[in-house]
Amino acid sequence: MNSSEVITEAIRQLSDYKQFKTLSHQQKEGTLLPSVDVLEEIVRLTRSILFPGYFGRSAIDRHTIKYHIGVSVEELYHLLTEQIMAGLCFSTDIEEPKAKAIDIATQFITHLPCIRERLATDVEATYIGDPASKSFGEVIFCYPAIRAISNYRIAHELLELGVPLIPRIITEMAHSETGIDIHPGATIGNGFTIDHGTGVVIGETAIIGNNVKLYQGVTLGAKSFPLDENGKPIKGILRHPILEDDVIIYSNSTILGRITIGKGAIIGGNIWVDQDVPPGARIVQSRPKK
Amino acid sequence: MNSSEVITEAIRQLSDYKQFKTLSHQQKEGTLLPSVDVLEEIVRLTRSILFPGYFGRSAIDRHTIKYHIGVSVEELYHLLTEQIMAGLCFSTDIEEPKAKAIDIATQFITHLPCIRERLATDVEATYIGDPASKSFGEVIFCYPAIRAISNYRIAHELLELGVPLIPRIITEMAHSETGIDIHPGATIGNGFTIDHGTGVVIGETAIIGNNVKLYQGVTLGAKSFPLDENGKPIKGILRHPILEDDVIIYSNSTILGRITIGKGAIIGGNIWVDQDVPPGARIVQSRPKK
Amino acid sequence: MNSSEVITEAIRQLSDYKQFKTLSHQQKEGTLLPSVDVLEEIVRLTRSILFPGYFGRSAIDRHTIKYHIGVSVEELYHLLTEQIMAGLCFSTDIEEPKAKAIDIATQFITHLPCIRERLATDVEATYIGDPASKSFGEVIFCYPAIRAISNYRIAHELLELGVPLIPRIITEMAHSETGIDIHPGATIGNGFTIDHGTGVVIGETAIIGNNVKLYQGVTLGAKSFPLDENGKPIKGILRHPILEDDVIIYSNSTILGRITIGKGAIIGGNIWVDQDVPPGARIVQSRPKK
Amino acid sequence: MNSSEVITEAIRQLSDYKQFKTLSHQQKEGTLLPSVDVLEEIVRLTRSILFPGYFGRSAIDRHTIKYHIGVSVEELYHLLTEQIMAGLCFSTDIEEPKAKAIDIATQFITHLPCIRERLATDVEATYIGDPASKSFGEVIFCYPAIRAISNYRIAHELLELGVPLIPRIITEMAHSETGIDIHPGATIGNGFTIDHGTGVVIGETAIIGNNVKLYQGVTLGAKSFPLDENGKPIKGILRHPILEDDVIIYSNSTILGRITIGKGAIIGGNIWVDQDVPPGARIVQSRPKK
Amino acid sequence: MNSSEVITEAIRQLSDYKQFKTLSHQQKEGTLLPSVDVLEEIVRLTRSILFPGYFGRSAIDRHTIKYHIGVSVEELYHLLTEQIMAGLCFSTDIEEPKAKAIDIATQFITHLPCIRERLATDVEATYIGDPASKSFGEVIFCYPAIRAISNYRIAHELLELGVPLIPRIITEMAHSETGIDIHPGATIGNGFTIDHGTGVVIGETAIIGNNVKLYQGVTLGAKSFPLDENGKPIKGILRHPILEDDVIIYSNSTILGRITIGKGAIIGGNIWVDQDVPPGARIVQSRPKK
Amino acid sequence: MNSSEVITEAIRQLSDYKQFKTLSHQQKEGTLLPSVDVLEEIVRLTRSILFPGYFGRSAIDRHTIKYHIGVSVEELYHLLTEQIMAGLCFSTDIEEPKAKAIDIATQFITHLPCIRERLATDVEATYIGDPASKSFGEVIFCYPAIRAISNYRIAHELLELGVPLIPRIITEMAHSETGIDIHPGATIGNGFTIDHGTGVVIGETAIIGNNVKLYQGVTLGAKSFPLDENGKPIKGILRHPILEDDVIIYSNSTILGRITIGKGAIIGGNIWVDQDVPPGARIVQSRPKK
């Protein structure tokens, strides 16, 4: 066979329905696939609404700011409706996806003032906790943790409102950009900070109190998961740690299973913790060998 | 000197051949440099062929899918030929780079059905192994590990076919996006999964069996490397671990040197292993100090 | 309220000055915000000047290279002036930001030959130290550590010249792309190499000698920081480690506080070090428990 | 008033519903406006289907051409459905615009082979009629008249199928590009050629036979139009000329009213004709005055 | 000389200041050149403000329209200030170009409601006068004459406010797109219509009353111009025709010199007029010769 | 048949080789089609070289202008070589297209200084001849005739050097933009000006002396062309007018056939001339009928 025939034969094999059926996807007629580009735009719009003057055109003017927020909110509403509908059609067989998408998008927008208030506590805690930070502005403008936490807070809200798939894509976008992997299902209190951040993993059922600080490489993971009768993991089990208020965990430590790290506890770096830690405790790695 | 003169003088110094010669590159006349943008498109095309309906236009229709796969394969063939030639000209003095590039691109395309079969096992293993995953679709569409493993399987195939440089660029693209660094020279079996993934490193001579699972931050690295008479590391030595079937390694552990982790062994998180581990063993970090 | 009224009400709340004032930014009239896209272009231009033939058009010709370097330097000068001014206006109340920006941009350009010389030592050390690397070309073209170190060396120079904010954005760009987080304030000698790199953190006051090598996941961090009378961390304290010449630190280890790792010391992986290590010492993790 | 207040006041006036209501448009909720960019893409796709190998990727291969045509036709079908729906919603109150749009798009596609056959006669006539043309290829690739006639034939087909607005936009696109203004309602036979073309106008009810040739600046216009009782022109009156087969009209002549130019007549340049011309006649301008 | 030397020599000649000096331009340091792309955006923004709902996002909503107009006006103000400054610096040696540009841009914006009112009369006249037009919407959305007249009315306003160069670029943009060349200095009343339009030329000092209609190819030009003592045309002489109210001029006629076409006169096609025409007259070409 | 089947059947018909073969093009393997986008870039580069400071970055600096011209010339050389090769492969069966393309591109570049000198005379004549023009800068920056003449002078040079197809595309680009259609084969002297320009046509074998001025709508065309034994026009016959020095032709006149308009003759508007006109003559249209 010459090159052209070889390729034609490969196309024939690759187009064989039997070979690709479990790996293919049939989106509901007339609906779009979720789009990472549009979701990036949604996050960008949301950030420009929440933090006026940091993203997009620089001039903030008391007379005109309301026009900008108005247009951004309307644009956000339209894009969000489209993507929520894309997510619903990707994952479910819902009857009236558009009506549901409109309803959810509207609710999401009414929650924006609350999201702004929560993020304000994160920004403040990050500024106070980092001797290298120079201003709120620097924190908002260029700290990767703020990007990751913003995406998480947006995604968590959407998940609570019943949107499938989209929340996960939004947190994965931040994961790719910052190396911080927060599952949208996690519950996280106010004043949350992550220093540096690369390698942080926060699992689906983790619960984090107020004023908690994590360093890079910290995992809040699952220890093991019970299997069902078919040998598959049972979905939805509570399997990640609970961190009470004021906990600090240093870099590269791994906290595993449905354990509780008590209020104010401090966990040193590079250790593996799979048992409860009492409030106020400090634990560190055993001494290295010289 | 005024500003204009200062800049002119800097240009003069920077244009001095002696100063830049070891840091400059002279691509063979008439050939392009490898292009990350084109390689991104190559990976995107390959994914749209392997997983119909997930990437690009959403509508999959039994009557028309073959047109889409046909056009994508032809486009892939052209872009791949161009980039393989770019890689050959970057790294070698080969006589007829175009003929060789065409030959390799043709072979690569005949291997696509096999790559699809292997990736299907990775997708299935990932879905089964993660209680948080909702469907095959979610895994294919947004799990970073599938992106990293896809790039690795494409890059490994190209490396086996004798392409220089390009395979490494393809795995580095996934490294940048996912934080997972798999050298294209590594050998990896079916049903391979990586959870979360940020910080995973898999070295050039590592060998991984079937149904192996790694967590974030795991290194399969080299312990040390013998130097040649000039004090430079000898290239090509087998220096990375062998993981037999069904091995699990938890987060942030470091496995170093040409050691063997036996079938079904489980390595806990945050530890450093530089000696063989027998089949079925379980090893964990020594208790932290409270 | 119907959907349109709900959204109008949300816009009203979000436009309330009281709610957003601490989270908003008022850039000085007539100046731009710093732009990640322009800074990416600045880094790309700088790399094309420092490493002729690797980036941009492939043909290097002794007769015409000076035109390319000339145009690139002039373009760099203009973009840099604009971004330095954006940084000055973001962070300070300086009177004549344009004059200062021109002055700094001019000085930066006179330092480019020195930056090239330093990066040459980093490239050489990386090539020699990695058995998997095939050529200087491969190192320059696709090693993420070279990207991170280039951005650091550019950013450090700008910081030394008194530019606010911009240096941090430049190193965060590399952080996002490579997972390597080097604070622009750190001091780093020649021949510096980072293998794989994801998760590496190098703090603001760290000092690194010549020919030092780090592996992925290594942290050079601060142990704790003294608080001022208001309970806020005192900024500017020397709080990160000093690494003397020829130190090697293996993957995922955490070095904390203003300690000194003596010349030639080797620190194994996955350990936490918070005390001085004498020259030539080797320290490793205590044995895992089987 | 300062500048900011002046602008705020202008915004208030411009947002006054009374001032803009007759100049504003309310597209049906959830539908797009017609898009010149998408219509450009539709024309481009149609041309790549009708003239394989001239537009888009150059390689035509007997084995693979069907994939390209298949993908292009499917893409055309989707974009056309969207734009037909946009046109229906812009101009009408139709109940089920999507169903009608799908029906029309499907019919349009079945007519593509006929459109190709007609355009083939236009290409051939143009090649034969112009001593400066070198090949069919040159005619198809760069003669503006072929662009204008292609757009007309596409637009005329859509108009016949009952699509509002879109046909006019398609011919206006060619008008802008070529200076040739053919109303989509005109009826034009085979083998039609226009030389140079700038300034040609062909009105809504004109009828043109086979093998007609026009030069630049020729108008086939209406002489006057009867008004209704309100003094407005009555729409739909037959008011433009009929050109029988083999007519030639030289540059800048104006043919006005529902007159007939008989078979084989030749009309010289720069004249104004508002009465029937018998078959085979030749008429020219009266001699200029020296 | 080999090819590289030949090119180097050509560069040397082309860089010779003596050869290029009269053909080169030195824009004032720190200011931009006028930009056709930005001016296109300015025209697009202005049209979206004047005709809400036709350009940009389709949804017009009484609650949110004011946000859109607000943001568009603010954006217009910024872009216009920049381009007016560019025009001032291109053509003059003005001391404080920014202050003047801000002043002019502010005035222009206060005139937008008047421009909208005038264009409304043009749209209405066009709709009424063309039996082929279906609605105001079709006229606004796709008639080239409306595009040309809009650009003229914007450009004329800027010229009146003292802006150099920019008005001419704006009318040339419409000239290129529609083939209608209206000098921004011309004076044109309400209810102005141009049918088809390609080839229309309206000179700098032409004066056009209300409800005038021109067809394609009509020239309102200058007959000859007196020379100054150096044999150069004296600039600024009144040299183009005056058209009183209700005049109609058919296609391709040329009206030359400072003559007056009286109220209600009708000029037939393809004729050359260089003397006054009394009110109510009708003149046509002498009969062609058969 | 349902919609999907109907479309599949249309694809089958459209993919039938017999139906499309005379309308399809098979570009030589491995070569690109000519690209209007690349040719636009070639014209833009050429203009930025010929008129420094008008196009691209504004700052002209005696020290750095040579870098910009150097880079632009080198870029022009590469793009031109590619497009000349594309033209050669589109139209001919030449053996070594690349070698010929390189040779032609090199020669073209050596002619750039001459092209600049000729265009300088056109700019000067345009400025002097138009009372509305304010400066050389305005003429170069925004007069459409200068764009059309520039494209013609570039295209004519390429045609003289033996390049097929590409010259015609370049003049058609200007035709589309300006409505001025100059065949690249025409011969045009120095100091050539076209006022307004829309509708001007200059045929393949026209010869124009120095200091000639044309107004909009002027045609220099062919009267009729002898047919060969097959009834096809004989290609290459001298069939367009000769205009001697200092001729002026007013708007919309048509000059037809291989006639000579003598030195200094003035032709009025809207007339048709198909016989020689002696030097110094003035001819105008016969009086219109009132």
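A, B, C, D, E and F are the chain letters, set down in written order, and residue numbers restart from 1 in every chain.
One rule holds in what follows: contacts are C-beta pairs under 8 Å (C-beta built on N, C-alpha and C of every residue); 3 or more make two chains touch, one makes a residue touch a chain.
Because the structure is predicted, anything quoted here is derived from the model rather than measured.
*Asks:* Using the contact definition given at the top, which chains are in touch with both subunit D and subunit F?
*Replies:* Chains in contact with subunit D as well as subunit F: B, E.
*Asks:* By mean C-alpha position, what chain is farthest away from subunit A?
*Replies:* F
*Asks:* Relative to subunit B, which chain's C-alpha centre is the most remote?
*Replies:* Ranked by distance of C-alpha centres from subunit B, the top chain is E.
*Asks:* In angstrom, rounded to a whole number, how far apart do the mean CA points of subunit B and subunit D lie?
*Replies:* Distance between chain centres: 52 Å.
*Asks:* I'd like the Å distance between the centres of subunit E and subunit F, where a centre is the mean of that chain's Cα atoms.
*Replies:* Result: the chain centres lie 25 Å from each other.
*Asks:* Residues touching two or more other chains, restricted to subunit A: which are they?
*Replies:* 7, 11, 59, 64, 66-67, 70, 74, 179, 198-199, 217, 252, 268, 270-271, 284-287
*Asks:* Just spell out which pairs of chains touch, all of them.
*Replies:* Result of the pairwise touch check is A-B, A-C, A-D, A-E, B-C, B-D, B-F, C-E, C-F, D-E, D-F, E-F.
*Asks:* Write out the stretch or stretches of subunit D touching subunit A in their complex.
*Replies:* 4-5, 7-8, 11, 61, 63-64, 67
*Asks:* Help me check something: in the complex, which residues belonging to subunit A touch subunit C?
*Replies:* It is residues 49-54, 58-60, 62, 65-66, 69-70, 73-74, 77, 102, 106, 109-110, 112-113, 116-117, 119-120, 123, 128-132, 134-138, 140-144, 177-179, 196, 198-199, 215-217, 250-252, 268-271, 284-290 of subunit A that touch subunit C.
*Asks:* Name, in rising order, each residue of subunit B that touches subunit D in their complex.
*Replies:* Result: residues 57, 59, 64, 66-71, 74-75, 78 of subunit B touch subunit D.
*Asks:* Within the complex, which stretch of subunit C touches subunit A?
*Replies:* Residues 3, 6-7, 9-11, 13-15, 17, 19-20, 22-27, 29, 31-34, 90-91, 164-165, 168-169, 172, 175-176, 179, 181, 183, 185, 198-199, 201, 203-204, 217, 219, 221-222, 225, 232-237, 239, 252-254, 256, 268, 270-273, 281-287.
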